[in-house]
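First chain A sits with chain B, and in the next complex the same chain sits with chain C.
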Partner chain A sequence: MKKKKKLGIVDVLVWIVIVITFIWVVTPFYWAVITSFKKPIDVFRLSVVPWLQFKPTLDNWYMEFTQRGPEIMKGITNSIVISVSAALLAIALGSLAGYGLARFRFRKWKNQDMALWFLSQRFLPPAATVIPFFLIIKSLGLLDTRLALVLVNTTFTMPFAVLIMRDMFKELPVELEEAALVDGCSRWTAFLRVALPLAAPALVSTAIICFAFTWNEFLFALVLTYRQAIPMTIVIAGTEHTQGVQFWYVSTRLLLAILPPAILALMVQKYIVRGLTMGAVKG
Partner chain B sequence: MKRSSILLVVALAVVLVLTWSFLALAQEETSELELQTAEAAFQAADKGNPDPAWQGQKFTIGVYSAGPRGAISGPLYFWRPFFEKLTGATYDIVEIPFGELREKIFTDLMTGTGYYDVIIGPSWFYGDYVSNGWIVPIDKYFDDPRMPKWDRDSILLPIRELLQWKGTWYGFNNDHDGQVLYYRRDILTDPKWQELFKQEKGYDLPVPPRTWEEVYDVCDFFNGKDWNGDGEKDYGITMHLKVGGQGFFHFMALSAPYVVSPAPGDDPTKVTRYHNVYWFDPETMEPLVDTPGFVEALKMLLKLSKTGPSAMWGWSLGEAWDAFLRGKAVLTFSWGDVGSLSQLPESSNIKGKLGVAPIPGSEKYYDLETQQWVNQRNFVANTVGASWHGVISKFSKKQDLAAYFLSWQATPEINHWNVVWGWTGIDPGTLYDLLKPTGYADIEDYVQTGYDAEDARQFVTAYEEMWYKYPLRQAYLRIPGTPEYWEVWDIHLSEAVVGQVSPEEALRRTKEDWNAITDRLGRENQKKIYQEAIGYVPEK
Partner chain C sequence: MKERGSFFVVPGIVWVLLFTIFPLVYSFRVSLSRVAYGRITGFAGLANYARMFQDYRFWGVLGFTLIFVIFSVAITVSLGLLLALVFNRKMRGLRFFRALMTTPLFTAPVALGYLGVMMFYEENGPINILLQTLGFSKVPWLSDIFWARTAVIMVDVWQWTPFAFIILLAGLQSLPDEVYEAAVLDTSSGWDIFRYITFPMISPVLGTVIMLRLVDAFKVFDIPFALTNGGPGTATRTLTFYVYTQGLRNFDLGYASAMAYFLMFMSLAVGIFFFRRYRSLYE
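For the complex of A and B:
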């Protein structure tokens, strides 16, 4: 018969940390959920227990859908289209560039310099480029289009994809592609049929991160869109007006905005974990 | 298929079904009474002669984001079907988050993009609008037979001046903003509290308080007492004092009577170098913000802030209003929104208990010319706030159609309809909003939309007294960089409120920063625009 193991001080500390972390992570979501079911008059008073401290109501949700429904749907649809497109474009271009940097040695502009240049694009404050981008997009006649945001977001997320994919391809044994070349594959086929499938977990996790960057982007969305192409970030910002921030609508919109990325993350979580841990343990 | 995948698909399906069910329900929350009264206003309002060439045209309005039933943007949605019926034309409403309004609109105007034909914006944009020639004068439309006629003389003078620049009209009548004093009528008129107040303060409880000194006494007396009977201590005043929480608007309204002094001679409202000025010395553009009037006012603000919850140092509008609307504070001062929100059961439990008075004056004011305090009560009206109204972009290709729409919205019938329905966020400010005999409105206009009769009477009469009867008014800042001047002021005021620096130091820092902004933007140019904005004519 197994003896019950006593909880040691370390176990207790671990549990305390876990509980604190759990509360830390869950509290904002809990706040959003209960606030979305509160009347405005109940929002600012400290009340966290539905039915005991306040009577939950569906009014906020009802008002959002009846008055803002089409706009919210448009915002979510735009966010999904823009984020997915930008993520796909970023990994498509990023994996090609990353493969090039991993497998070929460039002379004039050295690989390291190019990698550094890509990295510098991540350091560039977006605010510094917003007016030039506005003028470019305006002269292309693309203001208030989803394409404009796809292009801009791809510009900002692609360096990340390039660098991650470069490291990923570096990790792959080059012998696998050489074997394919010996068997008659072209370089392009070897890339598509051998290297890319092996890099799938990294591709997925990179795409998810690019998707998340784009999903949360606000500045360019604000400047480059007016009505047709507004994403969810702008819809959420619209809860602040001259009568203050409408926290009850912030909550409803926030929960709606969380939904698509959360579903996506759940669907591909096994790839994310695998992609992020690839190369972590080396033989 | 794995169980988790099935669950995910089911969850997704449920979400989609719920979403589309809600969408299927999509309809605006318009009541029968709203439609009936709107139809009557529509029929009664002048319609001019819409140009048949406008049929099928569309223009675009930029307005801050508050939704189809929200303040200021709401009426645009509401009246759109009427406008379409009237002209055969329509418009797009582009909502812009409040915090990004300036960047978004100025980028459009600066780059000549011309996406917005009409901008429903705040009055503090005028310095940039006019000095850059971004908006068009509208005088030419007044005699245009196509345009509906609106009653410009009915707009109360302080607001009317905001729509003009050097006597030329640029803005169309819409919203009318100013801060007034809100108090708990039921508590301040309660004999029990009146008796206790007299015992403690040695004089009769003033109902309403007329000066900031009286406001302080009232708040000090009620703060910390359970005057609403809920078993908890309640507050004297509630304010929004957080940086970025629009607290500087509070200070503007509070400081004006200490700073603005009447001109000697026949016309006390004459703008001279030392009288009826508030922001800068119009001869030098030297900020007045550290003069003794401002210092005294800031000390009063600090005293007042001790008679409310200390949490209000971190409060924005919503939290501050909520404490009053929920019945936790005996007094606040703010815009017309508080008056209309107080009548909504989902936001307020003080309907029928509301007292409203014009913004308080001071027991003394500082004369900038003699550099001495004058021990005399001083009352100064304010137009603190945005007074959201429409202007037409220079880059618009549909200026006439836009002018038609804005003229039609400015007609007395439509504008008054917007005022009496509180959800529109359009506040009273014309003779046809004021009650008889001063104005043309009946209390019934307000009562039928849900106002308590006495609340409405107090609400409208407070604006009448402030804008129609107060001897002086506070100049509005309408020069380029206005938001920047206000932003640094906000920060330094907050430093004083939280006790980080003394009132004198906070105002000295503000002066320093304002001078830097003025120098950066060009002192001479700023001075010229400031003089024009306040109607100052330099003496030769």
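For the complex of A and C:
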């Protein structure tokens, strides 16, 4: 027998929680957006509704792309180049290792131990490697290059890619690859032509997660770059110091730094739980 | 399978060896050395490690790091669990809500820090205006030790509560319905169902969330760097922050490396403690 549905106290409470959570999540973003459309004089008033409480202006955005355009473009370009390269390298290495761990059984060094080897990276604080990295990059003459940040971020994101791709390949039916092998394909062709295309959605999602993590990375960017190779995270850090409380400028830059990974992340919902727990929890 | 799969896993393993283990070994050597002007000038034995225990700043930094870790993890995990329990039902728009909740996770923490500067601004910042409208007095968010620490923790809670929420929700939704139906038939109260059925079944996922949150909280750097710049004084400096200032601003590399090692061992200890219990999730 089905219970009759009624709008009880529980439902009302749930709705209250939904509304509060919604406001809690959205307010900071909303504040940044409206501040970026405010004239300086409106910034320090509690004016929330555009047109009604303040007159929105495009001045800040116009300034951002004209007068301060070159600096911003440099930051965005660097961020894109670094994040895309690191993500591609990470999924290349990650899908190889993930495939190896999923399809072969290793004897000398067991599969679990290798998985643990990659997983242990998750527990390593970046502070532990930042000083040796700085010294090594400096002695290689790679300070303030994008390459340095690509190497660092590949190192941080690859373990994610390995463990997620391992799970994905494990879930693919082996039979298709076996059929390909029987037909005379090499293992390598079976991997490239059969397994990889089947895992493509997971591969794209993993790449997006790696891209977002690299885009948001700050400590190593702060240490390894200072002029030519600075990504967006460093650009916004510089803005605050020189512009003080000119929030109308700060907010435009914050939005430019925040939006790309946040929007991309909306596309990877299916794999997000795995990604965040490195495969421990399937969602 | 008989073929050799090392071809697939070797690149990833070598990469980790090259970019993590090698720097760690190098930094261990630095931590045992006397360093002047960025150059190793002699062997120092354990002097750098001994120095930590006499450095009152180190104790202060360690103290705040622990406060931060305890409060941030406790609040994010309990709020996340609460939300996950509330939303663990069939309802329309859950996917949209969940997607919205992932955006904070993919927002650069350093950007959030500066967004926090806007939100917590003492003179006519939105939070203070709101408090005043509600009849409270202005709060010196960023200039008072207690409130600055609170603000740093609040921003972190804002960012990471969704993490706990999303993973715990995935854990709850993977529990089989039958158990609940049986429990409802036994007319257990809601609290009993939670305590004797839901909680034991969710505890591996909860343990994993706590573990990952602990490990991440020990690494915190971006938010205090951007929001308070470690101030007022050194009240919101974290261990990573202190490693950064000592090592890469003051170039006291030996001492900074020793502290980095200390941080790493704390983080690894936490990781190993939890990992031994929840290892099966990763296999």
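FYI, the second predicted complex is superposed on the first by the 223 of 283 C-alpha atoms of A that agree within 3 Å, B and C clash if a C-alpha of one lies under 4 Å from a C-alpha of the other, contacts with A are read in each partner's own complex, and residues count from 1 in each chain.
Throughout what follows, a residue touches a chain if its C-beta (ideal position, glycine included) is under 8 Å from a C-beta of that chain, and two chains touch if they have at least 3 such contacts.
In this text the structure is predicted, and so the values were computed from the model without any measurement.
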Identify the partner contact of A:R227: answer first if only chain B is touched, second if only chain C is, both if each is, neither if none is. first
By the touch definition at the top of the document, which applies to A:A180: first (chain B), second (chain C), both, or neither? neither
Between chain B (first) and chain C (second), which does A:F134 come into contact with in this model arrangement: first, second, both, or neither? both
A:G238 contacts which: chain B (first), chain C (second), both, neither? first
Broader residue contact with chain A after superposition on the shared chain, chain B or chain C: C
Can A:A148 be said to touch chain B (first), chain C (second), both, or neither? neither
So in the superposed three-chain picture, is A:I91 touching just chain B, just chain C, both, or none of them (first/second/both/neither)? neither
Partner chain in contact with A:I164 - chain B first, chain C second, else both or neither: neither
Tell me the contact category for A:S251 with respect to chain B and chain C: first, second, both or neither. second
Could you look at A:V194 and tell me whether it touches chain B, chain C, both or neither (first, second, both, neither)? neither
Going by the contact definition given at the top, which residues of chain A touch chain B in one complex and chain C in the other? 44-45, 131, 134-135, 222-223, 237, 239-240, 245, 247, 266
The residues of chain C that touch chain A in their complex are 1, 3-9, 11-13, 15-16, 19-20, 23-24, 26-27, 30, 38, 83, 86-87, 89, 91, 95, 97-112, 114-119, 121, 123-124, 126, 129-130, 133, 158, 162-163, 166-167, 170-171, 173-174, 205, 208-209, 212, 215, 218-219, 221-222, 225-226, 239-240, 243-244, 247-248, 253, 256-257, 260-261, 263-264, 267-268, 270-271, 275, 278, 281-283
List of chain A residues in touch with chain B within their complex: 39-41, 43-45, 59, 61-63, 65-70, 73, 131, 134-135, 138, 143-144, 222-223, 226-227, 234, 237-247, 259, 263, 266-267
Quick one: in the complex, what on chain A touches chain C? 13-14, 17-18, 21-22, 24-29, 31-32, 35, 44-46, 93-94, 96-97, 99-101, 103-106, 112, 114-136, 151-152, 154-155, 158-159, 162-163, 187-188, 191, 212, 215-216, 218-219, 222-223, 232-233, 236-237, 239-240, 245, 247, 250-251, 254, 257-258, 261-262, 264-266, 269, 272-273, 276-283
Residues of chain B defined as touching chain A within the complex: 4-5, 8, 11-12, 15, 19, 22-23, 25-29, 60, 64-72, 92, 94-95, 97-100, 103-104, 107, 111, 113, 115, 316-319, 321-323, 325-326, 337, 341, 346-349, 386, 388, 425
